[in-house]
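By letter and in written order, the chains are A, B, C, D, E and F; residue numbering begins at 1 in each of them.
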Amino acid sequence: MSGPMTDAMIPGAARVLVVAPHPDDEVLGCGATIARLAAHGAEVTVVAACADLPPLYGADVAPQVEAEARAAHAVLGVHRSVFLDLPSVEVSRGPVAVLNGGLQRVVDETRPELVLIPFPDRHVDHKAVFDAAMVVTRPIGAGTGIRTVAMYETVSETFWNAPGAEPAFVPTWSVDVTATIDAKIEAFGRFASQLQAFPGPRSVEALRALALFRGSQSSMPYAEAFQIARMTSPAGGCA
Amino acid sequence: MSGPMTDAMIPGAARVLVVAPHPDDEVLGCGATIARLAAHGAEVTVVAACADLPPLYGADVAPQVEAEARAAHAVLGVHRSVFLDLPSVEVSRGPVAVLNGGLQRVVDETRPELVLIPFPDRHVDHKAVFDAAMVVTRPIGAGTGIRTVAMYETVSETFWNAPGAEPAFVPTWSVDVTATIDAKIEAFGRFASQLQAFPGPRSVEALRALALFRGSQSSMPYAEAFQIARMTSPAGGCA
Amino acid sequence: MSGPMTDAMIPGAARVLVVAPHPDDEVLGCGATIARLAAHGAEVTVVAACADLPPLYGADVAPQVEAEARAAHAVLGVHRSVFLDLPSVEVSRGPVAVLNGGLQRVVDETRPELVLIPFPDRHVDHKAVFDAAMVVTRPIGAGTGIRTVAMYETVSETFWNAPGAEPAFVPTWSVDVTATIDAKIEAFGRFASQLQAFPGPRSVEALRALALFRGSQSSMPYAEAFQIARMTSPAGGCA
Amino acid sequence: MSGPMTDAMIPGAARVLVVAPHPDDEVLGCGATIARLAAHGAEVTVVAACADLPPLYGADVAPQVEAEARAAHAVLGVHRSVFLDLPSVEVSRGPVAVLNGGLQRVVDETRPELVLIPFPDRHVDHKAVFDAAMVVTRPIGAGTGIRTVAMYETVSETFWNAPGAEPAFVPTWSVDVTATIDAKIEAFGRFASQLQAFPGPRSVEALRALALFRGSQSSMPYAEAFQIARMTSPAGGCA
Amino acid sequence: MSGPMTDAMIPGAARVLVVAPHPDDEVLGCGATIARLAAHGAEVTVVAACADLPPLYGADVAPQVEAEARAAHAVLGVHRSVFLDLPSVEVSRGPVAVLNGGLQRVVDETRPELVLIPFPDRHVDHKAVFDAAMVVTRPIGAGTGIRTVAMYETVSETFWNAPGAEPAFVPTWSVDVTATIDAKIEAFGRFASQLQAFPGPRSVEALRALALFRGSQSSMPYAEAFQIARMTSPAGGCA
Amino acid sequence: MSGPMTDAMIPGAARVLVVAPHPDDEVLGCGATIARLAAHGAEVTVVAACADLPPLYGADVAPQVEAEARAAHAVLGVHRSVFLDLPSVEVSRGPVAVLNGGLQRVVDETRPELVLIPFPDRHVDHKAVFDAAMVVTRPIGAGTGIRTVAMYETVSETFWNAPGAEPAFVPTWSVDVTATIDAKIEAFGRFASQLQAFPGPRSVEALRALALFRGSQSSMPYAEAFQIARMTSPAGGCA
């Protein structure tokens, strides 16, 4: 059952888990939905699987990105931030049990009702984290408490799959984020190294245009869009 | 907003519209979900598009089926039953505006939050009614109040599409119907002419097996499964 | 072979045919590409299949829309506008030969190298016109001169198909329209009855956001996106 | 050519190879078909690719499961059981040649006409074994003797793929297993550690419901369903 | 059960029904398979749904094509030829019951085990006849005797669907037709008006190349390829 | 912009990069297109990712294949041949950065307008190289100069995916190669160890039949077919 105050329009809004391949994907993909949920009383946990670690990246990169992520999460109202610190680019080559185990622990600790995960797109880490997230959210055991698993789009990466040969992101769920699109853009601004100038896909203009476009598909001013992987309605009482 | 008492586990449970190509499809596809929703206070309207009319069918067929449907609806707790009486098998050849207009009127009258529609399967009427239902539930105008449009499976018909050449029913949403599977089977029993002996797909055994199978996919004893066509979360207050 | 001056970046840019189910679809779907092609010397023909005719529409509707379309075409630099005046909503129920024959005549007259056609989406007329356009552009006879057939997106309609049960628009081709996005918006403004206020999908804001979003997918400021149905490279000389 | 006595209704029924990611998948997926084939004189070989090995599992797990599998195979009439003993969960990370080579040897030894393989579903081992099985059954060399390669469903795992983003199991082939469904359930009972209480997906009730549901799709009392990956009809004589 | 002599490599080879939208499609799509089946003792019935009738075609067209078809069928060893004489191009607009009823009668008369039907491709008649054929071969009533329903490719038409927006022919079944490819080409030669000069898709060279290409996919010299829509293995005895 | 002389019918014909998993895939997949492009003045670079290295292969294998490839490239008019010498079969298990980095360097050096890549098919190396090629051709940074990324078919391998469970090659682009099909076959003849006798899929007869079949789909005598992954038309001047 949901707690005393949650968003009446979003199924399973009390405890939310957002799975990010890398810190910033959660903001790009569903930052405004996170802010909306948090504003309505949800307990939102973000778990970021990968970090840009040596030797592929300098030793100062990961700590800085983590600090940026924490600042962004503060803007959005995230309740708890978890960093698994698995190696970016190479996570898909590591033992399956390490990634799955890390995510499983967070699921067990947070018992989410709603889980937002990345779409399996061009980026090899997104594919690996998607796969692990689908495993730990299976509707068995602790997973039976999860009401909704939905995939978010990560600007640019999500649109670089090869049509016909790879899956395409085709959203089924639109969330009105008119009230929180500004918070999303402010939060993304905390990632100093990621924000691009227009016409980059990670520019303020592109983020706002995507939200306006997704909104226009459902008669909302601004929206974030998701592709539902699984929704369940267990036996339950009345609201 | 939802009314004073609704099912806390089903998004948009206050006012529900079920679109049936022919009377009995709504029972086969989502009879137990209807019963669950009604039991939790939802106002459920069923609109049946087609009737088995002369000259393809005898003059007594349609009235009898309608009476059976009303009896079945009473078992399920349906609030209102609408029969558009368009000609079975031939509805897809009639003016588009007649079918669409008939459904639109019911949408306008009931202002549903949740709409359950048939999957576009082997039966030509199912395709036509699916198409019309997708038109009248577009997220514009009155349609913006609809939070969820989901397709149900109609035993047998739904599984006779040609794989690869036609769409396959792949559910995304499971509803626990353990408490109401018996009501569904009782309601289907009201259709004297439709109930088959085992191993027919419309036998008591097949209906129960389908619900048990759909349940087993989501760790529920019995479930009905739906493929979500569209879900929207408009800006809203707290529950 | 192409003429003396054409757009070097667009295959088959000398003679272009744009097939619109209704006047305004061509502007929504590819108005800025039309303007770009025309500005580079292409001879662009627009053929609109349907008109909003009595008895479903008032007698003054079709003439007014045609006048608006001609004004919009003038903004875009369209060379020739053809109106087949088949009945909106009901065209799919008419003789196949009438729609196909009407389009075939325009193909024969214009001998296009590039043909832009609607995606088969929610609107029944879009499906019918898509189907006819695919027939008249088959790579046989006169059709062998066509180098590219591509589908455009019609805001909103294209995104109201049911994911999984109906095809989704997944673009393969992006055209930079930074130089002509303003012309597109100006042209759409000529359709007095169609332009919506924000947040409607046919608002200035939504059109601009779509172009910015499509651009961001390919590192362009503004783009229009197409799904290629067929591209052919006949034996040819050097440019 | 087929031997002196085989099932007249199943193409290539003389020599059958069943590829299981883990022991028990073959029983869940096609145990009743195995029993039917064996009862009609087929020589059925089961090869299980993976075992639950240390350090992820205790040292006693694999031997016990193998003993259970042999007992189950005896119930079904399996001719020969092969255990490759590759590490569960981690097989996809090992050298491709090890898994492929192991399966290739069994294909070479058994020269199957019919090969039943897992669907590439949620479980990473299922994906890896599917992939290897597709390689060793290519219609070249020894593989040209294989008449049918078909994928079976593994309860639960097969239904936890993300619709739209991952492939869905959509069967094309139904095998009547009314005569052997009891043998399947008895065989699965040999896996003491795997059998679940209802409503688990691996309960007696769920297995029976799946078979009844698959049967109802084809007017059979009980059936197992397969998705055909490849069928070939080489030049041949008369039966 | 199969009769005293049938092709041991083809499931359900005793009584075969081939559904052709227009006379000649059956030769293009599966003429060599027909010849192979007939040579092995099968009773092959061909039913052609449409004829090129006035006013769209001259009054002499249909009788001439029918005569050509009978001559072609004689070459292939067809047992019985049925011509429903429904109007080409317009059959999809006629009453559903007329086309379905015509095909149903032939199914009832021939009680086929194997049914070969067109793929739903570019040609509107192919779509309509595919749909009707799928209805009359449902696995209920008389249809439960049908063991295999497979779709054939009709050169050119089948490859003019729009990728991504329409289904693509992706074969699952290859039939070695090395012994009968010449008969197919001879039979197609009986259609004086249809045979094209190279490089037409209906030229001798193209037909032979298609068969060689399909063969090369399965290590056969020449093959015809099919996409299986449904295969069933009812309970049965031994062969 | 294109250089002084290029093929007027092929978008981005000045600088072409062909990515081959193994030497010979580029000839099988697009050898005749390479020859056509080169004959019209294009600068074609071929990069082969993998080599058959010890211990899986003898030490003399890779050098011999490389010599054969260089001879084949000379026949086709290839400008530059690059061999990354990554281990066949095992490349997918190596660090992602090695394969991606190797391809990225070639992209940076050649600044291609057109990139031809393998379809992700049965062969594990083809999947890995496809994936890496899609990464290095993303439309960002240096990649924005790429106008077209297209997938070619590799005879046999491409047709051994499991329909429904894996992607199917469905071409969108046909290139007339009537003038260069002989060069392709001659070039493939340079791979002494790869050329098969008929009816092998890598026989002269099969290669010619495939080209004739692909041609017949677009009214060309001989063609090679591609599935377009991405096409972009940046802002540009006139030709």
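Note that contacts are C-beta pairs under 8 Å (C-beta built on N, C-alpha and C of every residue); 3 or more make two chains touch, one makes a residue touch a chain.
Remember, it's a predicted structure, so these values are computed and weren't measured experimentally.
Shared contact partners of chain B and chain F comprise A, C, D, E. Note on connectivity: the fewest chain-to-chain touch steps from chain B to chain D number 1. Common neighbours of chain A and chain B, listed by label, are C, D, E, F.
Distance from the centre of chain E peaks at A, each centre being the average of the chain's Cα atoms. Taking the mean Cα position of each chain as its centre, C sits at the greatest distance from chain D. Chain A and chain D have Cα centroids lying 37 Å from one another. Centre-to-centre, using mean CA coordinates, chain C is 50 Å away from chain D. Among the residues of chain D, those in touch with two or more other chains are 93, 139-140, 156, 160, 163-164, 170, 172, 201, 217, 219-220, 227, 229-230.
A complete topology is adopted by the chain contact network, contact being made between every pair of chains.
Interface residues of chain C, counted against chain F in their complex, comprise 1-2, 5-11, 40-41, 139-140, 143-144, 147, 172-176, 178-179, 217-220, 228-239. Residues 155-156, 159-160, 163-164, 168, 170-172, 198-201, 203, 205-206, 208-210, 212-213, 215-217, 219-221, 227 of chain A touch chain C in their complex.
Across the interface of their complex, chain D is touched by residues 163-164 of chain C. Residues of chain B touching chain E in their complex: 56, 89-90, 92-93, 122, 124, 156, 160-166, 201. Those residues of chain A whose C-beta lies close enough to touch chain D in the complex are 93, 95-97, 119-120, 130-131, 134-135, 138-140, 149, 151, 167, 170, 227, 229-230.
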